Amino acid sequence: MTIHGLLSIIAGLLLAPLLQGIVNRTKAVFAGRRGAPLLQQYRDIARLLRKGAVFSGTTTWIFRLAPSITLACVLVALVVLAPAPVEQGWGFAGDALLLAYALGLARFLTVAAALDTGSSFEGMGASREVFYSALAEPALLVGIAVLARVSGGTSLASILQGAGVAGWVSAGTALALVGVSFFVVLLAENSRVPFDDPNTHLELTMVHEVMVLDSSGPDFALVTYGASLKLWVFSVLFASLAVSPLGLSGFALLGALTAAVLFTGVIVGTVESTMARSSLARAPLLLAGACALSILAFILASRFLS
Amino acid sequence: MAQAWILIPAILILPALLAVAGMLSRSARAALGICAAGTVATGALMAALAALVPHGGAVTVPGGWLRVDSLSALHLVVMAIVFCLGALQAPGYFRHGIADGSFDRRTARRYAGLWFGSLAAMAAVLLSNNLGLMWVGIEATTLLTAFLICVTTTPGSLEAMWKYLLMCSVGVALAFTGTLLVAASAGRTGIHGTEALLWTSLAASARGLDVQLVKAGFVFIVIGYGTKAGLAPMHNWLPDAHSQAPAPVSAVFSGFLLNAALYCILRCLPVAEAATGDAGWARGILVAAGLVSILTAAAFVVVQRDLKRLLAYSSLEHIGIVTLGAGIGGVGAFAAMYHMVLHSIAKSTAFTGAGRLIEIFGGNDMKRIRGSLSAAPLWGTCLLVSLLALVGTAPFGLFFSEFMMLRAAFGAGSYAVGAAFLAGLSIVFIGVLRHAIPMAWAPGEKPANPHAPGIVEWLIVALPLAAILLSGLWMPSFVREAFAAAASVTGVLP
Amino acid sequence: MTAMLDTVLVALILSNFVLLGSSRLSSCIRTAALQGIMAGLLPLATAGAGLSLRIVALGLAVVALKGFVFPHLLNRALRESATSREVQPFVGYTPSLLAGLLALAASFWLDGRLALPTHSASSILVPVSFSLMFTGIFLLVARRTAVNQVLGYIVLENGIYAFSLAVVRDIPFLVELGVLMDMFVAVFVMGIAIYRINSEFDHIDSDRLSTLKG
Amino acid sequence: MIPALLALSILTFAASAPVLAMLRRNPRAASRLGPATAVAGCIPGIVAAILTLAGAGPASATASWSVPSGGLSIGMDALSALFAIPVLIVSALAAIYSRGYLRHAESEGRSTAPFWAWYDLLAGGMLLVTVARNALLFLLGWEVMALASFLLVMFDAHDPRVRRAGWIYLVATHIGTACILGLFAILGHAGSLEFDRLALPAAFPAGIAFVLAFVGFGTKAGFVPLHVWLPEAHPAAPSGVSAVMSGVMIKTGIYGLLRFLMILGTPPAWWGWVLLAAGVTSGVVGVLSALAQHDLKRLLAYHSVENIGIIAIGLGLGLLGISLGIPAMAFLGFAGGLLHVVNHAVFKSLLFMGAGSVLERTGTRDIDHLGGLSKRMPATSLCFMTGSMAICGLPPFNGFLSELLIYLAAFAGLSATAARVPAGSTAGLLATGGLALIGGLALACFTKAFGTVFLGEPRTPHAAGAREVDASMRTPMIILAAACLCIGLAGPAAAPVIGPVVDSVLAGFGCTVSTGTAHDALGALSAASVASAAILLLAASVFAARSAILRNRRTSTAPTWGCGFASPAPSMQYTASSFADPIVGLFGAIVRRRRRFEEPAGLFPASTEFSTDTPDVYQEKLYKPVFSAFERAFSGFRVIQHGRLNLYVLYIAAALFALLLWKL
């Protein structure tokens, strides 16, 4: 592994909570507030790590184990994805699937932990979580399939790097559509507006936050950090597609990528501020739309390339 | 064994003597005992005769009117088995009738007389080389068995008997016309008088027969004997007679009476084929008749409510299958022989079980027969296993014979025939098991204390079923040769 | 000889029409008996020079059976059943006559079609025998009472008997005897059956014997 | 050597079945001898299969069989071995499991002797199917397998649902067999039925043979819409048998399909498309139907449909790879499909055993009546969770590896020769999208099943009173769960096993792949296993760190946070039906949920009821109408047997005239 790859992983590990801060700050700006400090998330995590924990009497070992495994999964996802745009020959054929399925494992455990509490609210959140992700997964993987079609690669590195300038020249529209689709997936997977409103405190309307109602102390710190990392991972996927037409390499690419990831936070914040949370019934429509976009992108790409 | 022919008249005379003995027996029980012992003895003679028939040759009585070749030898064996199974189950079946007086001495004497009478008549069919004599035998069977249907008189059995009598008489009359036509066709070949009805001489000079006459004759024969064999659409008497007759008689009806009539058609088949230039003219008729029978049976099996009628339609199906196989020829004819033997054994066994279950549960209606496996394990298992065998589940032999037939059909390029055959089999499978499953397993009212089966009854269930099972797994070479030789009598494919 | 034979054959056809058009069962039985006697005489007419004792004996046996024994049996069955008429046949009498005509036409057509190498005694022997067969079958199908159906069967048998005279020069005696025996037993059995049906059901309408179906 | 071992195995099964059947009066002996013979029968076969895969090469032996055109030809090649191993291992484990499972029935005084007799026949039949080299012998094994499994399904036949299930199973299996009979009759036209002599008649359209094979074997495998028997029969059988049927028996359909497609020769592209489409349809319909169920075993049965779909996607890609000339896609597609065969056998039998344990201890299969079992049945719960994650294809378990290979096949179609073969990329997209949707829905379904059954609080007294199952039931589950993990981590070792199998399949289709490039693709398996191990290690370290932190902290126990509600009750938990409701609602066109709801009436409604059930759409909308139409038609046909003698005679006359007119 070269220094670029290593740095990209370290950047993710360190800056992920910052990305959350940027989102929140953007929203505050839109609302005309000063908002929480950019580094608030770091403080939250540190505070949680110092606390003790309260466990529900209903829960079992699954509830205690889940946050750790979830974090491990997201970490592996980060390690697989983060160096891919900057490092030649990183990963292996089909590592995109590892990304998707490691996050799937994380989701399984989060949901199991939520159900372990026996709370009806957490059960509801879990139900929505799996509902959204079941629809997000095809959108994501079909999007990756389009990139594979355009780039001719099978590993994330070859896919993301191969989409580059040549790819944008020949099938730019398709790649743009995939970008949109990825962004929708990002919003859904990270429980952002319009799929979920992370700020609300009405349990009935929440998805991700409601699933972790019973988590506390260090476990909750792991959950929080894991959520930030997950947002980072998806932002990298989106951002790497966005910076690929620039044709950069080396540190320039790394810098541009990091900047783009952080800017993604701004976009997310903007979206959250300008859109309302959509009703439950409309959310699947959006995800289906993302799938449709990916498939359209595929058709376009096929036409452009042949 | 040059003197083997002596057995032939013995087989005809012994039952006649036994019939007299039966009619003079002192009690109902004794009459049934004579039936059982006498049938086994006659059966042993038949089996011995069949064993003595040289491979591919024949045993002929001087004068040439009586003759046994591979085809009739095979039928003789089947007949012996079926009659033995029927006779051995009779004492148990009529036990109640004897007890309550409905099967009194007079009835039993009549039963024994008719039983041996039909045995002799059917043996005559198989043993005769003379088409006229064969016809006489079939007609005699009709008349004798008609009374067996209504041994114990009920309105239903009378009605069934009347229908059977009239339809089969008409059919057999047509068959006689056919026989005459075939005999007439020999006019040009110089075969005269007595010779013209001998199967051997007709077969020997088949190519010289008058084609038009042979064709007409064969059509009459197929329709005529086909009525008796229960081929659709002349089968209508069959379910009535089967459902009304006592179980041992039904067993013989389904197990052999139909085969005997079909045997007559198979006898004429090679003559007709050879006379028409081996172009499949006659085989086409059999294929059509077989298919129509299979499909008709399939339709009726699905919506049947009466257990014995269900078995009767299954017989219609199987007789259709044998006809189809013979019509296809070659491997199909081999499979037809294989199938015929297995079907006869399985169907007799099925009737044995069905008869007892009907008695135990008090009615033919399949809705009344429930949970037979637990209520009467032997008879329940007997019926279930024989039904499974009859619908062609592996590893029972009928599965393999049906598969061979399918292969023969496809091998001959008749894909449509094969497909229709397969469809018919599948419908029957579904139709039969749809009834068999609840009869075997569904919980229902436990019948009052069924009589514990004796050792003979265990044997007449276990032995045939074991034989059918084994037949799918193992076929000794002599059996194989017997089938092959019998099939070759019905002619080979061009 | 041929003229006499033809006369007999025409009489046979006429007897068919009588059977088809008559509703009184007793007259039907009488007609059938007459027909049986004529059929029994046929071999004497066709044999020509080859008339032998055997043929005479056979003819006489047929005459005795069909002309006297059967009618007697059937008459007895009729008396006991207290039925005297075929009240409502499936096919009315006028249509029956038409059908008889049609059957006759069909017989001649079939004869032409088959071109059987037949006996030279008469050119209409084969078609007449066909017409007898058809008439017999028609009676079986179109009549309601069991007695009439047995008559139909007898007519069918007459036809076959006539046909056998036409096509086969000499059937072996034993076979002929067997056929005759069977014929006799068949009708005998049917008579017994009618008797038992009558005592069981109080009627001999065979169409009412239709409880077994499906 | 290898044929001798196989023969020993088959003979053990065949010989012990009648002996066991005769032990009806001696249940104690039967319940000991039954599992012992089953395991003893499996062992030589397993040895033979392992030897074959370990490089002993294909071996076969022939003995003459007296049944015409039959031959006692058995043989073991890589493909057979790959199917025989799961068949035998799962059979052995399920036998041990059933020993404990049946104790309940024994205590009720029921004899298990017939059960064990049929069980041995089932195992023997399945083995025979995988090793037969003669079509007649194959059919024998096939039918014995079908009949034995039918009789096993009927074990609880006093239940009307079981009888119905058995009946549907029998009908379906017979229709399948009919097609296979047709296929064999066509292929065996030349006389011999030995596999190496089977061939299509000249000028016979291969497409018809393909359709026969597809329907015949697909019925056993359970492709939609031929799957209707599966969700009926698998839940109805005793759980050990469900494990065998769902885990391995349906795979014989896949085996047969592959084996006979190889005989049919080079596949045209549309065969691949048919398989691919069937796979995607089966996968999606299967998983959606599973989501809508609240009978645990029925849910698992529908997942078998789903997984068969995934296998079919793999095989479809493989066939397309051959016909479109994309060797990498062919290689990876077959590799993924075949590996998934093994993997599904492991986790599906595990899951059925878990469900069986739950059923045995609680007496109910209704998910919504359960809950909180992870405290009461910890080992079962852990095993079931492992199986759940494996079936969702999640790392570090085995399901991930096989799904990864199928995805790779799709990617190979998408990228390798993208510009030249648009069909390949379309197939790739279809497979990717389908698999992704299936994967997401499967996750939803298994979080639902696992969560509702094992987590939270018990919803009924049945669940509250449950205890852990005994060792004979636990051990097989633990072994299978360990296998899920071990295979998942054994990526580097999997490649040399699966590679030769796929090579032999491709060779069977007359397609050769340069082994280097193709086998390189299997390198992804190693990487995936490494990543899986990394997840495990990372998780362990994180958990250790977290535990270390917590060690010095105060932890306390409190009731679950009820958002301020003071007295939560177990019945207020989210139910499985509610959990799945949004998805089921969204896909209402594919799964029709029926609701029964009594409106509360009056001012003080006494009681009311609400229930849902989800019948199989294909059964309701396709088979039932067709079958009843047939029945009506046949009923109408009964008219010809109206009881009128006159007309019967007319039939004779009419038949005579018809024949005279036709033939003269």
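By letter and in written order, the chains are A, B, C and D; residue numbering begins at 1 in each of them.
By definition in this document, a residue touches a chain if its C-beta (ideal position, glycine included) is under 8 Å from a C-beta of that chain, and two chains touch if they have at least 3 such contacts.
Note that the coordinates shown come from a computational prediction; the quantities given were computed from them, not determined experimentally.
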Query: Hey, which pair has more contacts between C-betas, C-D or A-D?
result: A-D
- prompt: Using CA atom means as chain centres, which chain is nearest the centre of all the protein shown?
  reply: D
Centroid spacing, where centroids are CA-atom means, of subunit C and subunit D in whole angstrom: 69
Field: Rounded Å distance between subunit A and subunit D, as computed from the means of their C-alpha atoms
entry: 35
- request: Can you check how far apart subunit A and subunit B are, centre to centre, with Cα atoms defining each centre and the answer in Å?
  value: 77
Query: So, what's the distance in Å between the C-alpha centres of subunit C and subunit A?
result: 98
Task: Would you pick out the residues of subunit B that each touch at least 2 other chains?
output: 162-163, 166, 170, 212, 216, 239, 300, 303
- prompt: Multi-chain contacts in subunit D: which residues touch at least two other chains?
  reply: 638, 641, 645, 649, 652, 660, 664
Field: Multi-partner residues of subunit A (at least 2 other chains)
entry: none
Query: Each pair of chains that touch: what are they?
result: A-D, B-C, B-D, C-D
Field: Interfacial residue positions of subunit A with respect to subunit D in the complex
entry: 49, 51-60, 62, 65, 67-69, 71-73, 75-76, 79-80, 91-95, 97-98, 100-102, 104-105, 107-108, 111-112, 114-124, 126-128, 130-131, 133-138, 140-142, 144-145, 148-149, 151-154, 203, 213-214, 217-219, 222, 280, 284, 291, 295, 298, 302, 305-306
Query: Along subunit B, where are the residues that touch subunit C in the complex?
result: 130, 132-133, 135-136, 139-140, 142-143, 146-147, 150, 153, 155-156, 158-163, 165-166, 169-170, 173, 176-177, 180-181, 183-184, 187-188, 192-194, 196-197, 210, 212-213, 216, 239-240, 243-244, 300, 303-306, 309
Task: State the interface residues of subunit D toward subunit A in the complex, per the touch definition above.
output: 371-372, 374-375, 385, 388-389, 392-395, 400, 403-404, 407-408, 410-412, 414-416, 418-419, 422, 425-426, 428-429, 432-433, 435-437, 439-441, 443-444, 446-448, 450-452, 455-457, 521, 523-524, 527-528, 531, 534-536, 538-539, 541-543, 546, 549-550, 553-563, 568, 570, 572-574, 578-583, 586
Statement: Touching subunit C in the complex, subunit D uses residues 638, 641-647, 649-650, 652-653, 660, 664
Subunit C - residues contacting subunit D, complex: 90, 110, 113-114, 137, 140-144, 149, 206-207, 209-214
